[in-house]
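The first chain written gets the first letter, and so on, giving A, B, C, D and E; residue counts start at 1 in each chain.
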Amino acid sequence: MSKQKSKSPEPKLASAPENQKIILEIISYNAEQYSRNSDLSIDALLKELKPDRVNWINVDCLHDQALLEKLQAHFNLHSLLVDDILNDQRPKAEEYDDYLFFTLKMLYRIEGHSIDYEQCSFVLGNNYLISFQEKEGDMFDPFRERIRLDQGKVRKKKADYLLYRLVDIIVDNYYTVLDNIGEKIEDIEDEIQRTPSNKTFQKIQAIKKELIYLRKAVYPLRDALSRVIKDEFGFIEEENIRFFSDIYDHVVHLIDSLETYKDLTSSLMDIHINTMNTRMNEVMKVLTVISTIFMPLTFIVGVYGMNFRYMPELEWHWGYFTVLGFMLLIVIGMIRYFKYKKWF
Amino acid sequence: MSKQKSKSPEPKLASAPENQKIILEIISYNAEQYSRNSDLSIDALLKELKPDRVNWINVDCLHDQALLEKLQAHFNLHSLLVDDILNDQRPKAEEYDDYLFFTLKMLYRIEGHSIDYEQCSFVLGNNYLISFQEKEGDMFDPFRERIRLDQGKVRKKKADYLLYRLVDIIVDNYYTVLDNIGEKIEDIEDEIQRTPSNKTFQKIQAIKKELIYLRKAVYPLRDALSRVIKDEFGFIEEENIRFFSDIYDHVVHLIDSLETYKDLTSSLMDIHINTMNTRMNEVMKVLTVISTIFMPLTFIVGVYGMNFRYMPELEWHWGYFTVLGFMLLIVIGMIRYFKYKKWF
Amino acid sequence: MSKQKSKSPEPKLASAPENQKIILEIISYNAEQYSRNSDLSIDALLKELKPDRVNWINVDCLHDQALLEKLQAHFNLHSLLVDDILNDQRPKAEEYDDYLFFTLKMLYRIEGHSIDYEQCSFVLGNNYLISFQEKEGDMFDPFRERIRLDQGKVRKKKADYLLYRLVDIIVDNYYTVLDNIGEKIEDIEDEIQRTPSNKTFQKIQAIKKELIYLRKAVYPLRDALSRVIKDEFGFIEEENIRFFSDIYDHVVHLIDSLETYKDLTSSLMDIHINTMNTRMNEVMKVLTVISTIFMPLTFIVGVYGMNFRYMPELEWHWGYFTVLGFMLLIVIGMIRYFKYKKWF
Amino acid sequence: MSKQKSKSPEPKLASAPENQKIILEIISYNAEQYSRNSDLSIDALLKELKPDRVNWINVDCLHDQALLEKLQAHFNLHSLLVDDILNDQRPKAEEYDDYLFFTLKMLYRIEGHSIDYEQCSFVLGNNYLISFQEKEGDMFDPFRERIRLDQGKVRKKKADYLLYRLVDIIVDNYYTVLDNIGEKIEDIEDEIQRTPSNKTFQKIQAIKKELIYLRKAVYPLRDALSRVIKDEFGFIEEENIRFFSDIYDHVVHLIDSLETYKDLTSSLMDIHINTMNTRMNEVMKVLTVISTIFMPLTFIVGVYGMNFRYMPELEWHWGYFTVLGFMLLIVIGMIRYFKYKKWF
Amino acid sequence: MSKQKSKSPEPKLASAPENQKIILEIISYNAEQYSRNSDLSIDALLKELKPDRVNWINVDCLHDQALLEKLQAHFNLHSLLVDDILNDQRPKAEEYDDYLFFTLKMLYRIEGHSIDYEQCSFVLGNNYLISFQEKEGDMFDPFRERIRLDQGKVRKKKADYLLYRLVDIIVDNYYTVLDNIGEKIEDIEDEIQRTPSNKTFQKIQAIKKELIYLRKAVYPLRDALSRVIKDEFGFIEEENIRFFSDIYDHVVHLIDSLETYKDLTSSLMDIHINTMNTRMNEVMKVLTVISTIFMPLTFIVGVYGMNFRYMPELEWHWGYFTVLGFMLLIVIGMIRYFKYKKWF
């Protein structure tokens, strides 16, 4: 049942190099105690689980089939759930008998590059939280330090609050990405008025594409969170529901901003197209003005370039200058006409 | 958890200069009594609270961390709520155990400029209402005077009616802003028929952008109000629900108008594009008419400018005039043809 | 709380001249009795109310503050309701304790002009119906006559049936307006194929604008009627619900037609744009054909207009005619090429 | 209350000529018995009703006011229902106390013409079904024969099954119409690639228009059927609900196809516009290539057509051929440049 | 009631040649036993049904009326259900008294061709599953092998799990098709930037068309699955609901991807149109630059080609070179002007 979902034009989930080591880490804490163990074997790790503490198991890089199977066996994870962890999923929350499963996308904006997506899954049990990341990341590091130093409320709370904090950190990062897009849109807005070009158009298209992918990550997240908030299975404590509610509000706010950015981007497209058309119009006007002035003149000088034996004007002493003057009058007339037509 | 949400291309929330004084004010009233105290320290203010009156605390400029913490402690405000007050939020209503939280956007249209947004939050408790504004404003001043003079029903009512009146004042101001946009649309409609230009296009785009931001402020407000109206927690008295219902109707009316303006703006875009195309067509017609008339003529005079030794026409006495006449016939023919084709 | 909602580009609600007299009229009837009194003072009118009859009070032109206050006092009208009568509202139905409030837009299509909107409000009480119109109208006159002559069922029914008949008359008038638009669309359809012009485009835009405003009047009416049909407060007799249901069906039918007309109008726009482009193409083809034929010819005659001492062709006796013949061949070749390319 | 809904640009409901005879027919049957009487007077017909059989009364052409009144009186038809039969209605189902009212559109595609719409209404009572058609049709004739010959289940079933069969016949006919449109779309698809023209565009527009009207007929039918399926009033036997459910599925399938055709048609529009633009581009390229080649050449020969006394080149013996050669080089250079730019 | 739904422009359901043999196969299994019989007659097959096993009957090619009637009689299949199997249906699930009916589309992408659709229907009874395919396929073959070898859980489960596995195999295949489209979109994205052409446009249109048909297959599948999940009739065991839930999630994921691809395709269209316009602009610029430079020059040399008796410049010794120099100055000026206008 291993689905090979490459879905090519979409941003690749940042996949870890095959040879990268799987990183296993367990942080156990309660109000009084704290321990952190990294680089354990899976068997050693499972022995570290303390029933009276919150046990946060973090798994980076998901290549070790054996490890996953042991986790699956120990925590009684459903086979569909393991499939969901390993494969590209839309963000969702699912209640099982013994745990809540939550999966969403982490976003990284590597400067000058496009957005990187990483799937991040959580299994929230009674006194444990397992987090699965696709590659080793440091987004949670400052928060690990906060736990160690017992800052904030986290040490006084259960595993559900830990889940809230981790999801909140991920969603906060969405704002960074969105702000970055916002700044880009503003830059293009400035640029498009001054020096529109094909490059501007490509930038707009790039932003449109990023917004399309962002929507795919953020819209289902709203549904997933609303499912957590309803929480028919009681994995989240009553008083902590409000925290997830708060993330929900942030996600709705993000969606509003995505829609706003989408509208702004389509406005930018309108401006680009209008600029293109205005330029075309100007080019055509120059061509028409030049043609309209010089075609009649060229005709006139052509007339007096004819070799008829009998052409009285040619004999006149002032004929040449009369014709020059006449052509000058035509030019002046034309220019006035174009001014009147507001072509300049 | 302090989110730095700059979201650049969006209208900046009007942020107060850092050195601006926080303004604290308390108005306490009931049907018989009225007192107003400004520029108190937060501790002095909290002593002014009268349990048998409606206490309206107004906080302008939100920089003083200490002040907020004291308010938070005294009224038992939730930490998420304080976050929501300090950061850019979508309009929403949220019930807590002891109070109702309501946040929305105030709109200012500074003449000749675009719309200014200010976040305004309310905490409605049993006998108090706390209002948080980002900068010192005078939108509520006339109403403060009405309270003092005991005009209208406000002195006979509870804090929930006070909330209604303040929200109503803010929403009424939306109409002013929308009317202003309406007038602009009408101006552009006149202008676009007479003298369309790139400037007109930019004006249309500016209005489109304002409508995009207005939607972001008004749509969630409808949901927030519908939540207040349902009022499952009883912060609003039964008989006052109808007043919030009335604001709800106004907001729906505003949304209708926003949609109408959006449609009108997109009609304006169609007109603009059509005008551009019509002009392009006209320019092309002038070019084609001129070319079609003068190219054959220039060819003909070119023929008789050739230097062949034996060209019988050149010797004819009336050759020159015959050719001139012939060319005149061509011109007349062409003009008739273009008239027939309705190119003039 | 008097909102000045001018909303400029929208069709002005037909406002009565200030000096126009307010017209007060009361019609009281039951199966046996009928009386009609016009031009009463408000105090006299209120004495005319008969508890055992249906009392229909009609108020035209809403400038007399005193009159409204007396009505408000006598019928215990809510202050928000009076606001709603006086200000531009979206169509809605609202239940109060003692009466049902219903407001909608009357439509007039003044021939050759655009649509005129007038707000019409109803207060349906136990044995009375008050109708508020903004200016004196005669839309209800034929129906008043029917009441007097005891035609139809109206004299046997209560005030709720009277409300049904009046709303039905107003909604029926929507059909007239819509038919008028339908005919216009058909006219434009004919015209656009034969003689498209900028005027046609303006007509399409005018219809689009009218449809935008009609939507604003008709869509909320559906919601208002569905609220009346649910009728949780029992202002409408069970057996009369079906009549309001029938109006509801008509309004839904109107909405279908509006959507159809919207689609047809956007089709017309497509046709217009296509016609413009086709013409542009044709103009360009003429230009290109002319240029392609005459530019080479003009070049050739230019060659033989050069003054080189040694140009052997010039000396040939048949040189001139050879060149003419050669040019003729070129023209024939070109025309064949264009025929082949289907440019004619 | 007779609404004159002409709604001009819409397809006229196929209206019968005024002088056409109203056709009344009654078919009474049960499992054992069968009788069919045509051209009865209405009074005679009403006597033919057999309480122990299913009585199918068919009324073609609805001009005889007296006839309708007698039917109305006999079956206790609601006045609103008679209005609905006589006037253009959106498809709907409505329950009355004694009968179910169902109205929908019949579709005819007359070859080479556009679609003809006819309104068809049904009144389903306890042991009778009245069908109202606007003109005499033969769509039901094969089915009448099946009843007579006792084919299928119809003779064993009640009037509700008869209604199902008739509606099924009408909806089946929609498929024929839709297939016809499908074939047309395929034809245009072929044509547009080979010989696009203004005629193709008009065909696309014609299909778009037909789809607009079809939507108006099919979408409300879904709602009407879903109302029948819910059947809160028990006019349909439990076991026959599934049959109406089946028609419902067909209508949803039709709606899917309509949407698909709409998308395909808008794709055709894109292709048409693209073809137009490609052609324009080609025309412009020809013009530009010709101009770019011949303008410099014409200039050069113009130079040597000047009459300056002292122009050394003119005296050279090979001057003429040098110039011709030089011009040939220019032409070759140009052509290479255009080849490089991929203009050919 | 046999509907001939050809619906021409849609992808034909891959119809089997008439002479192809109907293939009947029965696989009966439980945890311990397994038997497979092919090419049985229908009567023989029905005898093979084992009440204590899961009986999977597979019917390929649906031409044998007699066979279907026997199946219908034996399993008591509803006549509407048989119609649905034989005719093109939108994916749906329907509960009958004794079985669940499920129909969906199988997708094949034949390399280099467009997508092939095949309708696949399932009847899930108590201990049997009948699958109907339109032509002999091998999509299920690897899975048949898995059953035989008793791999996975299928032998331990009931018929509902078998249905899940088959539907899962079909839906998994959708991913392959979608990935293929994804790759195509990526190819076009590369191509459109480098060498856009009319062919690229046709490729985009082809993808758009495939997406239109895919939507028609996938969207109703979501509804059908949600109906199975609700499962009010208990055909699916409680613990297996989660598996269908998983397919549902996949289908929603597919729909997300379809929407994403639709947006990407419309972006490609924008890019194509922009490229076309940019090229047009460039062509026009070349034309205008050439005309603007050479028209004045041609005029000037025309002036000195006139044959006036008295033209002083012609007599000057350096007249010719002065004019050549003057023209050179004009050319330089023009080029500077165009550089300034950024036309190069």
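Note that in this section a residue touches a chain if its C-beta (ideal position, glycine included) is under 8 Å from a C-beta of that chain, and two chains touch if they have at least 3 such contacts.
The structure displayed is predicted, hence computed values, not measured ones.
Asker: Give me the chains shared as neighbours by chain C and chain D.
Answerer: Joint contacts: the list comes back empty.
Asker: Under the over-half criterion for shared residue numbers, do copies chain D and chain E use the same patch or different patches to meet?
Answerer: different
Asker: Since chain A and chain D share one sequence, what rotation angle in degrees maps the C-alpha trace of one onto the other, as a multiple of 5?
Answerer: 145
Asker: Could you grab the centroid distance between chain B and chain D? Build each centroid from C-alpha atoms only and quote it in angstrom.
Answerer: Whole-Å distance between the two chain centres: 42.
Asker: Just curious, how far off is chain C from chain B if you go by their C-alpha centres, in Å?
Answerer: Each chain's C-alpha centroid was found; their separation is 26 Å.
Asker: Which positions in chain A are in touch with at least two other chains?
Answerer: Each of 280, 284, 287, 291, 295, 298, 302, 305-307, 311 in chain A touches at least two other chains.
Asker: Have a look at which chains touch which and call the overall pattern line, ring, star, complete or other.
Answerer: Graph shape, chains as nodes and touching pairs as edges: a ring.
Asker: Could you pull out which chain A residues touch chain B in their complex?
Answerer: 168, 172, 175, 178-179, 182-183, 185-186, 189, 242-243, 245-246, 249, 252-253, 256-257, 259-261, 263-264, 267, 270-271, 274, 277-278, 280-281, 284-285, 287-288, 291-292, 295-296, 298-299, 302-303, 305-311, 342-343
Asker: Where on chain E does chain D make contact in their complex?
Answerer: For this pair, the touching residues of chain E are 1, 3-10, 78, 80, 83, 89-90, 92, 198, 201, 205, 208-209, 212-213, 216, 220, 269, 272-273, 276, 279-280, 283-284, 286-287, 290-291, 294-295, 297-298, 301-302, 304-307, 311, 313-320, 323-324.
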